[in-house]
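For reference, chains read A, B and C in written order, and residue numbers begin at 1 within each chain.
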Amino acid sequence: MTVLETERLTKQFGGLTAVDEVNLNIEQGEGVSLIGPNGAGKSTFINLVTRRLEPTHGEITFQGNSILGLDPHEVVQMGMSKSFQTASIFPELTVKENATIAALAAEHGSFRFNFFRNQNSYPEVEELANEVLESVGLYSERENQADSLDYGNKRRLELGIALAAEPDMLLMDEPTAGMSPDETKSTVELIKRVKQELDLTFLLVEHDMEIVFDISDRIVVLNRGSVIAKGTPDEVQDDPAVQEAYLGGVEE
Amino acid sequence: MRWGESGVTLLADILTILLNGLQQGAIYVLLAVGLSIILGTLKFVNFAHGALYLLGAYLGLFITGQVPLNNGQLAEWGIQSYGIGLGFIAALIIVPIVVFVIGLLMERFVAQAFYDRPDTDQILVTFGLAIIVQELLRALLGGSSQPFPQPSWASGPIALPVVGNFPRWRLGVIAITAVLVLGVYGLVEYTDFGLIVQAGTLDGEMVRLLGIKLSRPYLVVFGIGAALAGVAGVVGGPLANVNPNIGTEQLVPAFLTVVIGGVGKIEGAVVAGLMLGTLQVLLIQTGYAAWSQVGIYALAAIILLVRPQGLLGSEVDVS
Amino acid sequence: MSDEPRDATATAAADADAEVTGGLADRWASFRDREISTVLLTVVGVAVFPFLFNNFLDGYTQLATLMLIYGIFAVGFDILLGYTGLLSFGHAVFFGGAAYAAGIFSASVSSSPLLVLLAGTAFAVLLAWIVGFLSLRRGGIYFAILTLTFGQMSFYLAASPLAFLTNGENGFTSVDIGHLLGVIDIHGGVPFPLTMLVDNMLYVFVAVMTVLSVAMANRILHSPYGTVFRAIRENERRAEFVGLDVWRYKLMAFIISAAFAGIAGSLFAIEGNYVPLESLYWTESGRIVIMTVLGGVGSLFGPLFGAGLYLYIENIVSGFPTLGPFWHLILGVVFVVAVVVFPDGIWGGIDYVRDKVAGGEDK
């Protein structure tokens, strides 16, 4: 079954075409990586899919339904979650409260008219928050302010927040950026484990080729807004167009 | 009555409304241009901009003539008047220089510390500064209104073709505003300084990578913006009485002018200021004086709701 | 952390002092966290306040009443500014608007204080729904300026086009307040046992409303909304991307804060039997900003404290020799110092010192 599909998706900024007629489809349970040199349009593509940007034309369907015209939170509620490039958490709240927010959104939907009900009257929210923290190994840190976590743990917390609602699909924008080798390793392990346990479908944007080849089922290569290659890691590695794009474009 | 005659009267009416609108809008424009370049380039929200206008007006009074003190602490302490009596032209030259320096000090000691803090904090701290300036003046000089005499060479009416008699000073306000705004526009659009400032607005990081220091141009931008507010105080003073509240009163329409025109756009501030001024005068002269203030806020609200980036503002990025 | 089991043998005599303070602080914290204790604290606070204020701080009951009214306003404003992170410069429109609505209602529909209060508050809520709907489309400075714009528009509307309703620049003078529940004269004295604490009924009425307001605010802040509001303040984009409808929650924060402004505004009209036009001017919006920030954003009692402090300086300090004429200047300076040095306000400063003294809390 196809989870995400884009059809001739295009975004122009003034005269510049950042994403050019991109067709992409991701099947249930698949781990797909989006790679490409700087300025290839990866971030723009992610922003289009998460509905932060309005496409110039083209179609995006998620679980068979068009998501054009929806707000970002509606897309999240449909089951598409996102992990940000920098650890995007709620810094001055406790680790537990961070998880609670995600649990609230997962259990109660995008909005509820319940401002006179005590938070304690929702044990299922509390339970889910605890589960999330346990699954990313931060339960013992729950009373600490999120800001006080080290960078690797912040990223784990963020991943936990993104996974709280058990999404059908997770978008990850450079999940290991800025991490030490140890932190990177444990994050990759975490992603692999989660993928297996939840049968998670994901779309990964990543610069680190080692990680990309390690965890992707399929790779899509963007250059100047267009798809220049797609296929299994092995196929993509040998593709002359890809080598051209990476080696011909940037000389170091 | 012949048609030709009533046609001329109508034309005269329209021109009078336009001229009065220009004059009314001129003060908004002077304030808004400074506010707008500071907001556009430095991303700094200055709620103390009205206080700089207020300072300009009182400094103008001080330099121009002798002002008797009737109430306030200075009067209590036995000082009967203040002023050095150098005349209006002196005020027009000295005030912007002094307020320019005040602007520099403000940038160094207040704004800089808040560039990286949220808009909310910038608004709060400058709002506090505005209160300090306003209340210091009120405590020392008293809260009552002072007449700001028009310069003698510009008082009385001047005979204009078609329009007929028009107050000379109002024409002066329009002329001074035009010269100043054109000057700033030229500076930003056609000089190296302006080029650096514009580039810094678009991508400060890149400009720094090219080895250009932005802190000095930013300092100057702040100073120029402040100086414009100071001049506005001198120019606007003779149009109405001067009291400690005029700063906060002018701040709100000035901000509206900025956001209606589009943040950082000098042309936008001019268009928006003239629009608000003309609308206000039009409502007054057509017998809807009661609605004149409501009108400008309603117009502002409508424009902002339909076109949030302002008339000449460009679509801002999603973040 | 204090909830980790302590090794009993390690409790040397030298540690005893710290243990006692830590234990007390813990007990205090758990007491404070319970809803009923917050309400009880507020009841005790408003009950003893006039006595202390009148006898030791040169105060008088009318000012104490006004402090509570503005306290309610500030508590609501803090839900918006301190918890949700939205700075409105137009909240006078809800305070003044409710005052006018309450006044006009009392003069032309019913003079029952409770109905008047309800009418004023309902008006504020309705108005907030419209103003919030229009102002919340853009964040940051645009929100501040749009709220300011709607605030000023309402001031000028009341000043002249609507003068037939509002009595224009003279303010609304025909407020007509009847007896509470038909029997209690709200502007009269109090029966015996109460006389030991306070000398008029109006204070009692406002105090009861204050306790109710604090209880409501406390309930809201401990509901899921409290957590969501703070999440929006901390990281709006992330809140949107966990699947929360940030826009609707912001609108709710706006409406809730306006409801408190509405209660306060209605009480203001009842208290003074008069609504000044200035209650709609933007400097009134500025006053509530100062009160809230001064007292401490992001805490329940901070804004109450800030409102009291502001009015104390405005009404009592202003009568002091030498210092008096500079009262407003002093407020401005204290405000700027608070913004620069104590972002959590004076209440936040007290909290910080108390945590230091209690020790162990590494917040």
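Please note the rule applied: a residue touches a chain if its C-beta (ideal position, glycine included) is under 8 Å from a C-beta of that chain, and two chains touch if they have at least 3 such contacts.
Keep in mind that what you see is a predicted model, and the values were worked out from it rather than measured.
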item: Of all other chains, the one whose Cα centre sits farthest from chain A; value: B
item: Identity of the most central chain, Cα criterion; value: C
item: Distance from chain C to chain B - Cα centre to Cα centre, in angstrom; value: 35
item: Separation of mean Cα positions, chain C and chain A [Å, integer]; value: 41
item: Length of the line joining the C-alpha centres of chain A and chain B, rounded to whole Å; value: 48
item: Per-residue multi-chain contacts in chain A, two or more chains; value: none
item: For chain C, residues contacting two or more additional chains; value: 237
item: Complex contacts: residues of chain C adjacent to chain B; value: 81, 85, 87, 89, 134, 137-138, 140-142, 144-146, 148-150, 152-153, 156-157, 159-161, 163, 237, 282-283, 286, 289-290, 293, 325-326, 328-329, 331-333, 335-336, 339-340, 343
item: List of chain C residues in touch with chain A within their complex; value: 1, 3, 35, 216, 219-220, 222-228, 230-231, 234-235, 237-249, 252, 256, 363
item: Parts of chain A lying in touch with chain C, wherever the complex brings them together; value: 50, 71-73, 76-77, 81-82, 84, 88-93, 97, 100-102, 104-106, 108-112, 114-119, 122, 125, 143, 145, 161-162, 164-165
item: Residues of chain B touching chain C in the complex; value: 39, 45, 73, 76, 113, 118-121, 123-125, 127-129, 131-132, 134-136, 138-139, 248, 252, 255-256, 259, 290-291, 293-294, 297-298, 300-301, 304-305, 308, 319
